[in-house]
Each structure stands twice: as C-alpha cells, then as structure tokens.
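Look at the two complexes coming up: subunit A is in both, with subunit B in one and subunit C in the other.
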Partner chain A sequence: MRFDTVIIGGGLAGLTAGISLQEAGRKVAIVSAGQNAMHFFSGNFEDAGPVRDRVAALFAAAGVRTNATDGLQLMAMGKFKNVSLTLEDVTVFPDEHIAEKVLLVNFAGYHDFFGTFIAETLENLGISCRIRFVRLAEMESLRTSPSEMRSVNIARMMDEYWEKVVTDIRVLHKDEDLILLPQVFGLKDAAVLDKIRKALPARVAFVGTMPPSVPGIRTQMLLKHRFEVLGGTFLMGDEVTSAALHEGIISSITTRNLDTVRLFADHFIIATGGFFSKGLVSTPTQVYEPLIGLDMDYSEDRNAWYNEEFFESQPYMNFGVKTDAELHPFKDGEPIRNMYAIGSILGNTRKEDFGTAAGLAIRTAFAAADAIKGGNV
Partner chain B sequence: MKPQEHTASAHNFEECMKCTICTAYCPVVPVNPRYPGPKQAGPDGERLRLKDPYFFNQALKYCLNCKRCEVVCPSGVNVADIIQSARIKYGKEQPKLRDWMLANTDFMGHLARPFAPIVNGVTGLGVTKTVLDATLAIDKHRTFPKYSYKSFEGWLKRRSKEQAKFEKQVAYYHGCYVNYNNPQLGRDFVKVMNALGYGVQLLDHEKCCGVALIANGMSQKATKNAVHNVKALQKAVDAGLKVLTTSSTCTMTIREEYPGLLQVDNSGVRDSILLATRFIWQLLESGQAQLKFKKDYHARIAYHIPCHLEKLGWGIFSTELLKMIPGVEFTLLDSNCCGISGTYGFKKENYEASQAIGKPLFDQIKSVNPDFVACDCETCKWQLEMSTDYAVKHPITILAEALEY
Partner chain C sequence: MKNNEYDVIIVGGGITGAGTARDCAMRGLRVLLVERYDIATGATGRNHGLLHSGARYAVTDQESANECIRENMILRRIASHCVDETDGFFITLPEDDLNYQTKFFESCLSAGIHAEIMDPKEALRMEPSINPDIIGAVKVPDGSVDPFRLCAANMLDAKLHGAQVLLYSEVTGFIKDGDRIVGIKTFNHQTHKTGEYYANITVNAAGIWGHHIAELAGVNIDMVPAKGALLIFAHRVNGIVINRCRKPSNADILVPGDTVCIIGTTSTKIPFDKCDTVTVTPDEVNLLIEEGAKLAPALASTRILRAFAGVRPLVAADSNDSRNISRGIVCLDHEKREGLKGFISITGGKLTTYRLMAEMATDLVCEKLSVNKPCETANAPLPGSDGKSFREVAQKIWDNPTTGQKAAAGRLGTGVTNIPAASSLDQSLICECEQVSVGEINSAIERWDVNGLRDLRRRTRVGMGPCQGELCSCRAAGLLAKAHGCTDRARADLQRFMTERWKGMYPIGWGDALREAEYTQWIYKHVLGV
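On to the complex of A and B.
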C-alpha cells in the first residue's frame, strides 16, 4: 500500500503532522499502537510560543478551541504554571491572586481531584477556600464498582445532568467570587463548559484532575476525526514490526496486522512517544528505541540516569533518539534521510530548538511536515 | 539479586499500568453500571482470581468481547482475552435454553432451513416475538434473521464442476450466516472471484467458527469446532489454496481466538485465512487481475467498521476497494460499536444497553443520509437495519453489483 507519508504514532505529534500534511493534499497513513499520552494531557501547550497561531488555526479547524493568553494555570496538585497557549478548558489567571473567596466543588466519591491541595495553596495566598461536595442520585450507579467513579464516566453523565449539578452548586454558593470545578465536563463536545459558566452566579474555573484527562481525550478524538475527514488513513491498534532501510532511506515498513502488505512511502515520521508510550524502552542495562533501533542520545552509565532526590529533575527525562538539525534520526551512525523523529521520542535532546512536552510535540510536528511539504528528502 | 529483564504473563496482563484508557473506550461501561469495566474485569480482577477463584465475578458476562479495549491499550495488554479466558476458566453458570439456541447457529440453521418460509413467517409475527420475549427472554424488539430455503453449500455444490474449470482456485469458509441466512452474499463472492479468474471451492465440511458458543459459555463445544475446522482448513492449505472469508468475526475468531482463548494451534493455517476484501485488494493493487465496473454505477456509501475488523486491522482493504469503484461517494463513519455484538443484543436483559451503545452510530448514519451503509459484519447489518432506515450491504455484494457483468 502506497502513501506519500507514513507516520508511526497517533498522539499529539503524529496527528498534528498528519493533519498538516493532509491539509496540503498529501496522502498520509498513521500507524498507532493503542492510545497515547493525550489521555494525560493537562491542556497546556508548554513551549508552543513560536507556533501559537498555527496550532490555534489547525486545532480550530478540527473543532478544538484554544486559549492564547499569557498567564497562570492552576494545576491538579495545587501548583501554578506559566502558560501561553492552552485548551479552552483551562482558565488562565493573570496572577496568583485568582479571587478573594473561592468555592471548590467536587463530586462525592470522586478521588481523582485533590481539593485539599488546591485549598492549601489558596489559603497560603490569603484566599479563603471552601470545599463542598455534590451528590446526585443519578450518579449513585457509578459507585457500585471501584473503577467507575472516574473522570470519563462522570463526564458522560454530566452531558445529561449538568443542570442538576448547577442547581446544587447555586444552593452551596454564598458570596464567593470564583467557583472551582474538576475538569470532568464535555467528553465529546466542550459546549457544556460555556453553559455551566453562564449558569453559575460567579466566575467558574475548571481545574485538572488525575488521568484520564477529559479535555485530552476530547482533543484526541476531534483531531483523529479531522485527520480522517481530510482523507487520512488511521490504523488503530497496529504496530510496526520492521522497516526496510537501505543506504539511509526507508522504502517501506511492515506492521503486525497487515503483515505481508507493506506500507510504502516517500517520507516516514516516527512519533512513538517517550517511556510512557513505549517509544523509548529502558531495561536495567540500556535505553533503546524498539522499532528500528535508532541511535540514542543518552548516558550508558546507569548511575547517571537518575537523581536520588525524587522531586529533582531526572536525567533520564533528557534521553531521546539522536537527530540532526532537520530532525532526521540516525541508525548505526548514519542519518535516515527520509525519516523525521518528532515529539517525546526526542526526550529533552532538542530542548534548545523546540522546547519540551506538548510544545515539543507540535513544534517538531510542524517542522517535519514543513520539510516534507518543501520536498527535501 | 538479578533484576527482572522482561515480564511474561498470560495475555500480557503484567504490562497493565492502570491507565484506564480501556475503560474510557469500553462501549458497555457507559450503558451498564453492573459491568465493572475492562480494567477491573481484566488485569485487576486477574490478580485477585490468581489468588483465589472466589473473586470471579459473574458480571464479566456483560463484556461484549468487542476487543476495543485491546485496540486502544497503549501497553499491548489483551484485555478482552483476559476477561473471556476467566469466563472459560471460572464461569460456572450453565447456559440457558435461550443461550443454547442463539449460540448453536449451525444447528439452528440446519433445523430451520428446510422450513424457511414457515419459520420466517412465524418468527416475524408479533405474537411470536411476544412469546419468545416472555418464555425465552429474546427481546421482542428483535426480528430474527431470515433463514434461506436453500443453503449456500447446496448451491455451490451444484456448480462445483463449472467452478473447477478455473485454472486458479480458492477455498471459501462461508460461515453459518452465508449458508443459512444470506446465500446471496456467497453467490456475490463467487461472482466477483470468477470475474477475477478464480474458481471457488468449499472446504471439506466446515463447522461454525464457534464465536457465539464462546460468548454463551459453551467453550468445550467451541473447542471441538475449532479442532475440526483447523483440520479442514489444513487440508485446503496443504492443497495450496488460500481460504477466503466474508465474515470479519469468523475470521477474527479462527485467526485470533483459536490459539488465544481455546488453545487450539492454528499456526499451520493462520496466514492462509484471509478476508476476501484483503485478497482481492492485493490482486488488484499488484495488477495481477482487473475488474470491469459499470459505467453508470452511482452510490453514496457510508462505511461502518465492525469491532472485530478493527481488531484485525483490515478495515482499510474494504474502504480502499469501495473507493476504487467509479461512481462511489464514500463517507467513513466514526468508529463506534453498533451494540449488537452477535447474540448479546438479542437477549432481553441487554436490549436497552445494546441500543444505547449504538445510538451515536445510528445518529451519524441518519445525518450522513447515504444511499446505503457498507459493513463486513452480519450481526452489525442486523442491528443497523433494525435500528435505522438504511439497508446495509457487504463490500463484496457492492463490488458484485457494480461489476459490468
């Protein structure tokens, strides 16, 4: 089967590159071994600065609204983080004094949202924070099983019952000027966020929860839908088993499901993620890239992999595949001239050029897509 | 102490990192609060069951075995296999008469076929539906698939000489549905293969693949069928034949469930069992054969990918073939389980859940408003035709209809 570009990995980096190429009329296939780190997304496109407008435009066409405001995001564990581009779910505050008085509302029995940490941060800033719980009869069924009271399941119910929650919150509300809610709304459509904002008597901010991330899953589904509407081929649940590499050029790959039917392409992008997504694998003796055996940029001395101070920055976070200036990865010391490595598979190896995290994913995705559209092999 | 280099566990369950992505995509979780969800029913529950079988939970029967959890798992855990294996290993519930009837698709087909006009008339009656609902708990909203008066096997046997004249040959595993319910699909398949220059032959007596037996707690019978089928398939493979199929679920069962759930070794035949769409696409793509299509063919087609085809990863062959037909306006529907899952949706206790699972798909079909829906799965076809106003056609039937002769 022949494509212009085959992308290995269907997360934020792979989909952004795929959509960008499909928009330019290229024929693209994405091979995705299961879902990805988008399901843990905080909604903050850290380090996206230079491509802020491009991301916003590409996402808007997919139905994902973004918020390009410089400021602070209140994180799930009660810390503040600088942001310049976020999903619309994130409320961006100009500074830490987010309110005079805060009402923080959680669902009874939902343990993936840590109101007490957030309240502690706020109290330290001199902001009073009252924590209250809502309990809906309709949600009691979620409590029958230990795995049901999760963000995604609550979000599904909220599509139907959000007005009841709003009614309960109105009763709880006294004179607070800000109401904080967990990000468990709008699994398929973010419209419910605005409805809730309008229906409550104070400003509303949605704060991240423990995974899975409702805004992340929604974004993933909308981006995949956009890619397919543009004519892209998304091979879900398949994985690459081999690559035909000859003199620095990959001509085709094979996958587990398609076995003898090879995927041929002029260009390949590897966007298989970091340790979480198994784009990088570590054993007690080595760190490696499992699909092609790409050359790694890392220390072979295991003692240098980690910092014993757990909360300090960990050296292994910097490990990634080695690339040249154009993001071509290397195999046995030679660059692969028609392949690009993008996203978390780079670790922090290209931090100076492309930043980190979600910003790294989209900036390298655009760089690879642009290089391919420019026609240089 | 030597650190552990690799983990090896049944169905990869040790690889689970508790991310709950499977639960987020499970079609049953949102509609049935009695189902603990794939993470809890699968890898989490397996830890407990390994300690003590006491922890086996009857609610595992609510799993559709749609495999969506496996398709989305970022860690390569075969979640549905863990759940179904647990049902086989620890399940003690005896199948009810209703489950026995639903599961024995070949026996029931064999029995009903000679009386097809009567059976079809009777099962279609409102009063029969009410009786089935009350006595057997087969939901009254369901219409039983029609039985065909003449079997596909009989039809092809009568044409075996004419089929043998083709220099190139393939074998065909038609499955219960083509044999008893929709022989037209089998005839369409033969027409397309003949147009490609291939004669079609039957296997030396095939049996039901066993998917419904597994689902209804009759895994011993399923294993017997599997052993029989592997022998019959091996005979064809030894004769140098590829074995083509038109049912995505039978194909998934024979290729994946025989070794994965029933511990029946299919390694000698696995790579030779191919969906017809894949085989045909490869013939056309490589230029080994051509098809001539009608010049005035026109159809707006919306394609629904069955869960088991998504698990196989072969939906692309159906969509590429359909897009190849001149005059086709193609829309890919979002991947969403239709909710029937074989015999599951026919059961009274599952009816509401079944319809709720499929609702986003029904709604999308309505908004696309195609001439008809394309789908490779017989039970999806039943569900979509019962739940929408649109006809559902197999890609092979669409190819046959678009052929010039």
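On to the complex of A and C.
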C-alpha cells in the first residue's frame, strides 16, 4: 500500500497533522495503537496561542467547537488557571468572580467530581455555593458494580437521560445565577451541552472530573471521523513492527495486523507520545525510542532523572527524541530526512520553539504538515 | 485524681508501644500512650511484614529463635486476621554450602522450630517461583503479618480497655521530682499546643527514637541505627516466604503480603540525624533486585511498586557489623541501671516478638506499681480476630460477598461488621486497587483517629496498590474534607500524601512505574490543577 504520508500515532498530534495533510489533498494513513493522551485531556490547549486561530478553524471543520478567549478555567480541584484556547466544554471566565450565587450539582455517590473543594474556593471568594445531589433510578444499575461510577460510564447514561437530570436540577435551583456541573455530558453529541444550557434557568458551566475525560474522548472521536471523511486511512489497534531505513530515508513500514503488506510513503511522522503512551521506554539504565531506536536527548545518570518533590517539574519529562530544526529525528547520529517527530515524543526538548503539552502536539503537527506540503524532503 | 494523671505513660505508637498500652490497660492500669506522628510510622510500618518462625536466628541466637517461634504460634491465635499462615522455605543455591543446611536444620529443632528438609523438586512444586537451580530446601513455619493492621488492632484494644491515645504529640521533655520521672511535656504537631501529663512510670517504647527520649530523660542507651532498604513488587510472586539458607545477609528474604511481595533487606549504619529522612539509593535498589532474583528469578522482570527503608532499633554491642548486633529484646530498668526512678525502656526485639516485649515491660511496670495481675495478652484475641474466622463472619453479613467485601473482611477480620454497607453508596469504591469502599473509609475516619490520607493508608491500605494513590487519594481527600469540614487542609494533605508516595517511587522510576508517574504528574498538574 502506498501513501503520501504515514503517521504513527493517533493522538492529538497525529490527528492534527493527518487532518491538515488530508485537507491539502494528500493521501495519509494513521497507525494507532488505541487509547491516547486525549483520554485525559483537561480541555485546555496550553501553549497553543501562536496557532490559536488556525487550530480553532481546523477543529471547527471537524465539529469541535472551541473558545478562543483569554480568561480563567475553573479546575477540578477548585483552582483557577489562565487559558487562551479551550474546548467548548470549558467555560472561560473573565475573572475569579464567576457569579454571585452558585448551585453545584453532582451525582450521589460520584466521587470523581470534587464539589467540596470547588465550593470552598468559591466561598473564599465571597461567592455562595450550594452543593446538591441528583440520584436517578436509571443510574442504580451502574452501582451494582461499585467501580462503575466513573465519568465515561455516567456520560454514556447521560447521552440518554440528560433531560431527567435537567428536570431534577430545575427543582433544586433557587435563585443562583450559575449552575456548575461535572463534565460528563455530550459524549456522543456535543449539542447536548447547548440544550442543557438552554433548558436551565441560569448560566451553566461544566467543570472537569477525574479521567477519563469525556470532552477529550469526544474530541478524539470527532477528529478521527473528520480525518476519515477527508479520505484518510485510520488503522485502529495496530502497531508498527519494523521500518525500512536506508541512507537517511525511510521507504516503508510493516505493522502487526497487516503482516507482510508494507506501507510505503514519501513521508513519515512519528507521534507515538511520551512514556505513558510508550512512545518512550525507560529501563534502569536507559531511555529509548522503541520503534526505530531514534537517538535520544536524555541523561544517562538515573540519579538525574527525578526531582524529589512530586509537584516540581521532573527532569525525565524533558527527555525526548533528538531532532533538527525541521523536526527530523536522528538515527545513529544521522537525520532521517523524510521523517518528522511531533508531540510528546519530543518531551521538553523543543519547548522553546513549540511549547509543551497540547500546544506542543498541535504546533509540531502543523510544522511537520507544512514542511511536507512544502515538499522539502 | 486529675485528668492528666495516669499510672503509666507509654512513649511511642509503634507495635511495641501499642502492645504495651494494651497489656497495661488489660491489667487495669490507667494508661496514656503518646506518639509523635501516627501509629506505625517508624520501623513497625517499614519492614518485611515477616512473621518469623525464628529459623533465621536459629544458628546464631537460640534464645531469639525460641522467642520467635513461641510468639509466632501465639499471634496465629490472637491476631489471626493480621496473619497469613504461608510457611517459609530456606533454600540453598549452588553457590551456597549445603553443609550449612544440616547445621541450620539441627539448630531449628533445638530451638523448638518445626523444620522439615524437603526434596528440592517437592519445594519447587509447592512454590514454583523459587529459583529452579536450588540444591536444598527446608520448610519452616514462617508467615506473613500485616504490621499496620496488627498495630491498629492493639491500639484499638488498648482503647477498648480504657487507654487514652494521643497521636501527633511529641515528647519534648520530662518532669522530674528529684531522682524520679513523674511526667512528660508534649507538643502537639496539629494543634501546636503544649501539654503536661503525669504518671508514676513512663515507658520508653520509641524504637530508634528511644535513644533521644532516653537522652531527654537524662540517661543513655547506646543504640545503633541500622537502615534496612526494601522493595515492594506489584504482584504476589510467591505464596510461601523464601529465605536464603546461609548466614543472614543482604536481600535474602522474600515475603508475600496481601497482593504484593517484599524483598529485603540491607543493613547499613546511619547517623541518628538521618533516621527521619532515610531514602533508598539506586545502588541499594540494584542490589535488592540482583539478590532477590536469585531467590525468585521472576523478580527480575516483575514491576516494582516502590522502595522504602526503615531503621532498626538495635542496641550496641562491641561489634561494628550491624548484622552481628543482637536483635534480642532489651528491657532496661533505669532505676537499677542509672538510679533514675519511674523510667523504663523497652527496645530491640522484632515485630514478631512485640507481644513478649510488651509483656516484659508491663511485668516490670506492675512490679514497680505493686500490681499483681498476670498477663493475658497471649490468650486474649485482638479485635478482628475474636470469634469465628472472617470468612464465616463475611458469610453471615453478605449472601454473596463481592471482591471488595472479601478484601474488607480480610483487612478487618470480624471488625468488618462495623462497616456501614447498607446502601450502594457505602459500597462504592474509593480505592480500586485495594478495593476499599466509602463505608470502610468513613468508618476508619470515625473510629480510628484518622487525621489525613497517610493515616488513612495505614489503616485501610488506600493508596498502597499499583496506582500508588493516583486516583483514590483525591476521592479519599474528598471524604476527609467532608468529615473534617476543611478543604484547604485536605488539599495540603493530598499534596503531602502524593509527595510521600513519590519518595518511594522515584528510586524505582523506570518502565511501568515511570509511565504511571508521568500519568499521575500530568493529571495533578493539568487536569486537577493541584
């Protein structure tokens, strides 16, 4: 099989690059191992500022609505964080005085939404906050197994029963001007968010929960759908098994599911993620990139991998594959001229040029796609 | 009688202090126990959790070996819900001297330990994780004991017999009347208030910190802090304890406990000022894995959960090698020793022999107070081990117990009846790794002096599983915030808890452990915004 570009990794970076290339009429395949970091996305595209309008447009075409507004996000444990581009699920507040009176609604027995913490933050700001619980008969089936009260399971129910919750909230509501709800709505269809907003007698804001992230999963599904609608080939649940590399050019790869059928392409993008996604692998003595054995930028002294303080930035997070200015990774000291490394596989090695986190994923994805569209191999 | 006067004050909330408080309270004394932090924060919570058969000491110290086997048999009765009767093997590897096995076997028998020489093939059949190259194996009645559970049960029973327990209260000085200690001064780390408490006798049961307590009292115990490093593996690789049949050395005991197994230990002398901040070095980690894999080769490829270290309270002899110092029980009557009345130190010993240590200390207290009541702790079961087995109890309350309910019954024994489980809300899980329910956590907060997440972990195992608290700690923090009515405190507590978990994770921070760490650090920073 032959493509213009094969992308290894179907997370935020891989999908953004894939859509961008398909929009330009290129023929692209994405090889995806399955779950990715979108599943624990906060909804905030941190560090995406420089490409804000471009990513908002790309997402909008995929049906993913964003808030391209500078302001504050109310975080899951009650702190505020500066944002400039978020998913529409995240309500962006101009300042900390988010309301006069707040009604915070949770599901009885759902411990992954931290109402008590949020309420105290608000009370400290002089905002009264009432916490109330709804308990739907339909949700009792979730409780028969004590580990089922988790965001995605609730969200699946809410796709069907959100109107009942709205009815309950209308009864609970008194004179509050803001209603806070957990981000467990609109897993299948983000339009539900608007319907809830319209059906309730006050402003509504959705606040994050413990992962899995319902907005993140929905976004990932929409982006994948967009990529496929544009004609892209998404190989789900597959893994790259080998790459044919000769004189600084990769000509083809093989995958586990396709067995002997080789995927040929002019360009390759590696977007396999960081440690959690197994794009990077660590042992007691080294950190390596497992697919191709790309050259790494890291410390060989394990003592230098960690900061003793959990909440400080950790040196291991800086580790990533080594790249040149155009994001070409190296193998045995030589750049691979038709491959680009994008997203978390870079760690913080390119932080100054491309930022971190979601911003890194998107900005390096655009950079790689632009280079490929420009045709400079 | 004022409300700050007691017959006996016990300093130290480890297993020795808890056991002594229980024994004293059962003999009718008015007891106060003070502990600097929480229960089992010192060596009690930082060891293998091995219920010694005594075999390890049989060759070098017959007296200790005999104490161990007697106490081992007692704990199986009185603390059945804390003990896992696994048995143990002492294996001989090709590089070891098989002649030592003969000497070892005979020494076990003479110490009263029921040892049995096994055909290596039969040993491998019984415990398939053992190194298949073994040339000899001896079966002994070792076991596994949950030290947190044991300590909590002793503490609870002491309180049920009238003892008062002050946690987070550090002894800052003694009140003297001439040549007699008549009381203590304390500082509470949570309320930041000072206190004074009076008693005829004060028992120093503070483990390695007993050195400092003795100094405050004006006497000297020549102790040697010996650090031991250990690793916890994410699976229960072995079902039977595996020891190396040779002179005690590094990393030669592998103990299964609950869902994990623990390899250890090392033995290194450290200065007193390092006792509060022991950490595990990469060299120690490497040594533990390398030596551990000789006992059970699967350890080389098993995920490690965390590394930790404890400090043994050894009492000095004339040797420089910390392994040759006696691990026997030391009960010091400072009146006879230095002429200081009203002050006793109980130290040395082992987790397995804590009850005997408590009995010796309490006998001395009673002698001084002219109380003539015999010790009953060897026969009276601890709360949780009273009555029938927990399985029968579980069956009485639940027709068809879930995994979580079985886990709770395993932790609490018959005490599981105290957990609210009436509604599905009580049964929902906070900690999925260890299957701890909302009901169990709320019950621990109510009954067991839980001030924060770390206290909760010692009483319920919340955060001890493979995820190391990444998800459950936030949920539990929510319950604590509700119970204590303060989220700022709960948030700060959550930060301390995660910092503490990380301290045991980064020494083994590679492979899946690093993946988990990256995920956790991401969630806390970007998703939760802690």
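Before moving on, here are some points about what is shown:
Keep in mind that, in the parts below, the second predicted complex is superposed on the first by the 376 of 377 C-alpha atoms of A that agree within 3 Å, B and C clash if a C-alpha of one lies under 4 Å from a C-alpha of the other, contacts with A are read in each partner's own complex, and residues count from 1 in each chain.
Basically, contacts are C-beta pairs under 8 Å (C-beta built on N, C-alpha and C of every residue); 3 or more make two chains touch, one makes a residue touch a chain.
Owing to the predicted nature of the structure, the values given are computational and were not obtained by experimental measurement.
In the superposed pair of complexes, A:M149 makes contact with subunit C only, with no contact to subunit B. After superposition on the shared chain, subunit A has more residues touched by C, the comparison being subunit B against subunit C. Touch criterion met: A:G78 reaches subunit C, while subunit B stays clear of it. When both complexes are overlaid on chain A, the residue A:N67 reaches neither subunit B nor subunit C.
By the touch criterion stated above, A:T16 is placed in contact with neither subunit B nor subunit C.
Of the two partner chains, neither subunit B nor subunit C is touched by A:T219.
In the superposition on chain A, contact is made by A:G208 with subunit C only, not with subunit B. Contacts of A:T349 after superposition on the shared chain: neither subunit B nor subunit C is touched.
Once chain A of one complex is fitted onto chain A of the other, the partner contacts of A:F276 extend to both subunit B and subunit C.
By the touch criterion defined above, A:G109 lies against subunit C but remains apart from subunit B after alignment on the C-alpha atoms of chain A. Once the two complexes are overlaid on chain A, the subunit A residues touched by subunit B in the first and by subunit C in the second are 40, 144, 146-147, 211, 276, 278, 283-284.
Against subunit A, in their complex, subunit C makes its touches with residues 282, 285-286, 402, 404, 424-425, 427-430, 432, 437-438, 471, 474-475, 478-479, 481-482, 486-488, 490-491, 495, 498-499, 501-503, 506, 509-511, 514-519, 521-530. Contact residues of subunit A toward subunit C in the complex are 37, 40, 42, 44, 46, 75-79, 81, 108-109, 111-112, 114, 116-117, 119-121, 140, 143-144, 146-147, 149, 208, 210-211, 213, 274-276, 278, 281-284, 302-303, 305-306, 308-311, 314, 316-317, 357.
Within the complex formed with subunit A, the subunit B residues making contact are 3, 5-6, 19-21, 23-25, 29-30, 33-37, 39-40, 44, 70-76, 271, 278, 282, 285, 310-314, 316, 320, 332, 334-335.
Taken in their complex, subunit A has these residues touching subunit B: 1, 33-36, 39-40, 141-142, 144-148, 150, 152-153, 156, 211-212, 217, 225, 228, 233, 235-239, 255-259, 261, 276-278, 283-284.
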